[in-house]
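First chain A sits with chain B, and in the next complex the same chain sits with chain C.
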Partner chain A sequence: MADRDEIAEAYADWRVRCNENDRLRRMLRGWDRVVHLVATDTGDRFTVVVRDQILAELTDGADEVADVVVTATSEDFADLFWGDLNPSQKYMSGEITLAGAQEDVMRLDAMSMVAFLDQ
Partner chain B sequence: MQDRTCETLVIGAGYAGLSAARELTRAGVDVLVAEARDRVGGRVWTQTTPAGALIDHGGQWIGPGQDHLQKLADECGTATFPTYTTGEGVEWRAGTRSTYAGLIPTSDPEAAADGIEAIFELDLASAEVPLHAPWDAPDARARDEQTLGGWLAASVASDGARATIAAAVKSIFGAEPGELSLLFTLFYLRSGGGLMNLARTTNGAQERRFTAGAQQCALHLAEDLGDRLLLASPVTAVQYGGDGVVATVAAAGPGGDRHAFAIRARRLVVAMPPALSVRLGWSPPLPGRRDQLSMRAPMGSVTKIHAVYDRPFWRDEGLNGQVVSDDGAIRVTFDDSPADGSHGILLGFVAGSECRALDGCTPAQRAHIAVADLVRYFGPRAAKPVEIVEQHWPAEPYTRGGPVAVFSPGLLTDFGPALRDPVGPVHWAGTETATEWCGYIDGALSSGVRAAGEVLAALSG
Partner chain C sequence: MTGAGDRRPGPAAAGATGVTVLRRALGLRTVVSTSTGLAFAALEYLAAAGLVAYVAGDSAWIAVGTAGLLALMAWGCFSELNGMFPTAAAIRLYMKRAMDDRVALTITFTYLTTIVLVVAADAFIVGSAIAHVLGQTAWVAGLMIAALLAAAVVSNLRGVKVAGGVQDIATYAVLAVTTLVAVTAVVRSHRALRFPLAPLHGHHPGDFLEAVALGVFLFSAFEWVTTSAEEVRRPHDIHRGMFIALAILVIVCSLITVAMSHVLGHHQLVSAYPQLFLGRAAFGQAGLWLMAGVTAATAVNTFNGGFITASRFIYATAREGSLPSALARLNDRAVPWVPVVALGVVSLVVSLVVAATGSWTVLVAVGAALEAMIYAVAAFCVVRLRPRLPDHTRPFRLPTRRLLGGFGIVVFGVLAAVASVSVANHFDIVPLIVIAVGGGLSALYVLAVLPRVQAAEEARKAARGRRRPPRRPPEAPGASGASSAWSVAPK
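Our next item is the complex of A and B:
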C-alpha cells in the first residue's frame, strides 16, 4: 500500500520526465483534459490536469468533472509513476481500468505506454 | 427440385445473410436463403477435430462494443470466456527470441515507443473519418491515393516499429500494408474503435471466445429459418429487373449431381463479399461502378493453423501464447485452448505474402513449416502436436480468401457509395458494407439489419 505522499512524490518524478519527453509532448497536442486517479485499496483520489501539452501537478481530491477516470491500487499507481510498472500489462490484465470516451482512453493508454518505454 | 417463389431471396447464409433473413422473417416477409456451402456461418466455421478439439477456422472473437453480436449471443444463450492472456508474449526480431509484457514487443524500447506513436497517429487520424461516408473525410482523396505501407515508410522511423505494425496489419486484414488504401485503413480502424483496440485481447477485439465456437449463434439462426434455408444451393445466375429477380440455383442432388431450379423474388439481398458477389452471373450486367468496385476489393489472404497439444505447456513457462514475429510463415499466434485448459491449442496466422507463398503447398507441407515456426517461438515441446488443423481460406471455393476484402487505393473515393447503393431490386449486405465493426461478425450482423430495413421500405413503398 502506498500513501498519498508517496504517490504524490512518484507522480512529481514522472511528471518531470513526461513534460521533458518530446514524443509525449507531440502526443498531447490538442488534448486538454481532466483525469481522476482513484486508488481502489485506500480510496484516495487525485486529479491530474493536462493543458497546453503540459501535465500539471497532482492535486488531492476529485472535485472537477473528469474526462477519464483511472482506477488502480495505490501500490500500482506509485510503481507506475516510478517507472517500475508496465501500464499496458496491468491494463491487459484488468488490474488498471480506464473509463471515459474511447478517444480519451486510447490517448491515455498510448501515452502511459510511451512514458514507460521512453524513460 | 421445383421452382420456388418468395418475397425476398437472401444469397449467403453467413452472419450477414442470416441476420437479414431474421429481420425480414420477423417483419412477416416470406424469405428464402440460398447458401452455396453445406453449412451456415460463412467466414465463421467451427469444427471438432478427429482428436476432439473444438476449432474455429474463421472469425472467433467477441470484444467490447460488439453489441449486435453480444445481443445475439445473449439471445442464443451462447457462453463466452476470456482469451488466455496471463504471462508474457514472445517476440521474434532479427533472428533473436525474447519475451515481453503488455501490448507491444519491447526488446527495442525506442522501436516500441515509435510503434505506439504510429498507432496513436493512425487512431487519431481515423477519428476524423465519417463512418457512413469515409469519402467525405478530410484529405480523403490524398489518403485514398496513398497506401498504409507508404504512410508507414514516410512516417515511422524505426524498422522494428514498422515490422510490428505490419505483423498486426497482416493478421487483421490478410494483406500487406502496401495493398491497403490509407483511407480504407483509417475507416476500418475507426469502425472497430482504433488499431489499439483491434490489436488488443483484453479490452479489445480479441477479448473473449465462444465456449461452443463462434458458429453456434449462426446455427441458432439457421434453426429458426427451418426449411426456408437451402444449403448446398449455389446461385449460378441472377436475372433482375423492375419485377424483381429470378435466381438460378444449382442444387446438389443425392448422388452429387446438380440440377437447376429457379427462385423468383420481389427483392434480393446479396450477403457476400464484393469480389464474390459479382460472380453470380448477372443479367443484365451490373452497373459499371458496382462491378468495378468489386475489382478493387480483392479478398485478403489468410491461413489459420491450429496446433493441438496434450496441454498448454507454454503456460508453465509463463507465456500467454501470443507471438509477434518479423520472420517465418506464422508471425502472430494466440492461445486458442478451451476454457478449461484441458488441452493446449496454439493458433497461428499465416497472412498476406506468407499465405500466398505457401499457396502451392500441400496441407502437410504447410503443417511442417508451421511446426518449425512454433518450435522457434515456444521451444522443442511444440515439435509434436497431437494434430495440426489448417484452413487455407484462399482455396475455399465460396470464400476465396479472408478474413476480409481489401480495399485498394481509389475505391472509397471513386466507388464508395456503390458498396451499399441498391441496384434495382438488389440490396447489398456483408461485413464489408458495415459502418461499425467492418470486417467483423458484428459488422456482418448490422449489415444484415440495414439491408433488411431497405427491403422492408421497398416492399411497403
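Our next item is the complex of A and C:
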C-alpha cells in the first residue's frame, strides 16, 4: 500500500518527464482536462489538472467536476507514475477502471506511454 | 466511438468515485442513436433485400420480428455482461474469465473482421449508389470507394470526430426518411400485400431459418455501444438504450423488407442499391436522390464508429501486449495511426474485390455468421460466469440463465452455421471458407506468434528495469514530516 507522499513523489517525477517531453506537449495541444485519481485501498483522492499543455502539481482531494476519473490501488498509482506499470495491461485486466470519454482515456494512456517509451 | 450529442454533467460511472461528477456524460438519447446507428449501416438495405428472397410474398417482417426476439436474448446477455464489466475493454474481460485466454483472443480477432467487413461494405454501397445516381460507370464507383475510405482515414488520423449532435441527427434522419420512403412506396403501389402472414407459402422451412439468420444480421453491431459504458451519465442507460434501439430496428427493418418485397422486382432486389429503387418507387427521381443522400448519411456512423472502435481496440490490445507494439504507435494527435491506416487499406481491398466480383451477398453471409457466433459466445459467457463469479455485481441479470443462455448458445450456433453455408438462397461454402481463413489466421497468430511478442515485451521490460525507488524506512520518533519535495499540494 503506497501512502500519499509516495504517490506524490512518483507523480512529481512523472510530471517533470511529461512537461519536458516536446512530443507529448504537442499531443496535449488543446487538451485542457481535470483528472481525478481515486485510490481504492486507501481512499485517498487526488486531482490532476492539464492546462495549456502543462501538467499542474498534484492536489489533494477530488470533489469537483472531472473529465476523467481513474480508479486503482495506491500501489498501482505509484508504479504507474514511476513508469513501472503498463496502465493498459491493468485496464484490460479490470484492475484499473476509468470513467470519461474514450478520447480522454486515450490521451491519458498516451501520456504514460510517450513519457516512458517515447513511441 | 460516440460523440458529445447528449452530453451533460453526470455522476461518474465508476462505483468508487464518490462525489465526483463527470463534466460531460452521454445520455439515453445518444446511447440509442449510437446503438441504432451502428447497426443501421448501408449494408442494412442489401441484407433486407436479400432476406426477401427466403420468404413468401410480403411476409419478411415475420422473419425480422423473429430475429428481433432472438436479438432480445442477445441483448439480455450483453446487458448482464456490460453491467458486470462497464468498460470499453469488456469483451476481453468477460471472455478471458469465461474461457481460455487464447481461445478468447482468437474469437475476438475473428470478430474484429466484422467491423472491417461492415466498413468495406458501406464504402462499396455508398460508392456504388452515388455512381448510379450520377449515371457513372463501375470504375467511377471504385474511385469513389477509394475516395470515401481515404477521407475516413485522413479525418481519423487528424483526430476529427463526428460531433455527437451531428451523429444523433444523422441517425434519426436516416431512420425517419427510410420509414417514410418505405410506407409511401407501399401506399403508392395501390396493391394489397401478398401473403403477409404466410412466410412458408411455396418455401421450405429451412428458407425461413436462413431468413432469420439474415434477420439477426440486421441488428448486428447494436451491442457495440457497450464500449461507451465509461461515458454514460447513468449505467443503466446502456441496456435501456440497446433495448430501445432494437425496438426501433425491428420496426424500420420490417417496413423496409415489406416495402422492398412489395414494390421491387427481382433484378432491383439483387442490385447493390435496392434502396434507391425503393426511393424512386415512393417519390420518383427525387426519392432516388433522397435515398442516395440517406445512404451516404449512414456512412457517418459506420466510418466514425467502425474506425474509432476497431482502431482503439487494436491499440489497447497492442498496449496490453497481445499484438505487436507497432500497432500502438501514436501520431501527434494521439491517434493510433498504424491501425487506422491498416483498417483503411484492408477495407479498401475488400470493397474493391467486392465491387469487381459483385459478391456483396458473400459479405452479408459472413457478417451474419460472425454476428450470430458472437451472440452465441455472449450467451456462453453469461452461463459460464454465473458459477465462476457468483458474487460479482450484476446490475442486470438475464432471467432463467440456464434456459435462455443454453437456448441462445444452441440457436445462435445453428444460425451461424446456416448463414456460413448459404448465399442468396443457395448452398455456398465461400462464407465458411472466409470465416475459417480468418479464424485460422487468428488462431495461428495466438498460438505461434503471440508467445514471441509477449516474450519480447517481457525482455524489454526487464531491460528497462524498475524505476521506483525502494521504500523509505519508517521515520524516527520526533523527526519532521514528509519532505516538501514530494508532498501533495493542499487543495
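Note that the second predicted complex is superposed on the first by the 117 of 119 C-alpha atoms of A that agree within 3 Å, B and C clash if a C-alpha of one lies under 4 Å from a C-alpha of the other, contacts with A are read in each partner's own complex, and residues count from 1 in each chain.
We take it that contacts are C-beta pairs under 8 Å (C-beta built on N, C-alpha and C of every residue); 3 or more make two chains touch, one makes a residue touch a chain.
Model, not experiment: these values are computed from the prediction.
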After the alignment on chain A, I want to confirm one thing: do chain B and chain C clash, or do they fit together? clash
Considering only touches as defined above, state whether A:Thr73 meets chain B (first), chain C (second), both or neither. neither
Identify the partner contact of A:Asp109: answer first if only chain B is touched, second if only chain C is, both if each is, neither if none is. both
With both complexes overlaid on chain A, does A:Thr47 touch chain B (first), chain C (second), both or neither? second
Does chain A have more residues touched by chain B or by chain C? C
Quick one: classify A:Asn19 as touching chain B (first), chain C (second), both or neither. neither
Looking at the overlay, does A:Ser88 come into contact with chain B only (first), chain C only (second), both, or neither? both
With chain A superposed, which of the segments 110-118, 254-262, 308-316 or 362-370 in chain B collides sterically with chain C? 110-118
So the chain A residues that chain B and chain C both touch are 23, 26-27, 86, 88-89, 91-94, 102-103, 106-107, 109-110, 113-114
Chain C contacts chain A in the complex at 1-2, 4, 9, 12-14, 16-24, 85, 87-89, 92-93, 159, 161, 227-228, 230-231, 308, 312, 315-317, 319-321, 325, 328-330, 332-334, 464, 466-468, 471, 482-483, 485-491
Spell out the part of chain B that touches chain A in their complex, as residue ranges. 85-86, 101-104, 106, 109-110, 112-113, 116-117, 119-120, 123-124, 127, 193-194, 196-197, 200-203
Applying the document's contact rule, which stretches of chain A touch chain C when the two form their complex? 4-10, 12-13, 23, 26-27, 34, 36, 38, 40, 45-47, 57-67, 69, 71, 78-79, 82-84, 86, 88-89, 91-94, 97-103, 105-107, 109-110, 113-114, 116, 119
Would you tell me which residues of chain A are touching chain B in their complex? 23, 26-27, 86-89, 91-94, 102-103, 106-107, 109-110, 113-114, 117-118
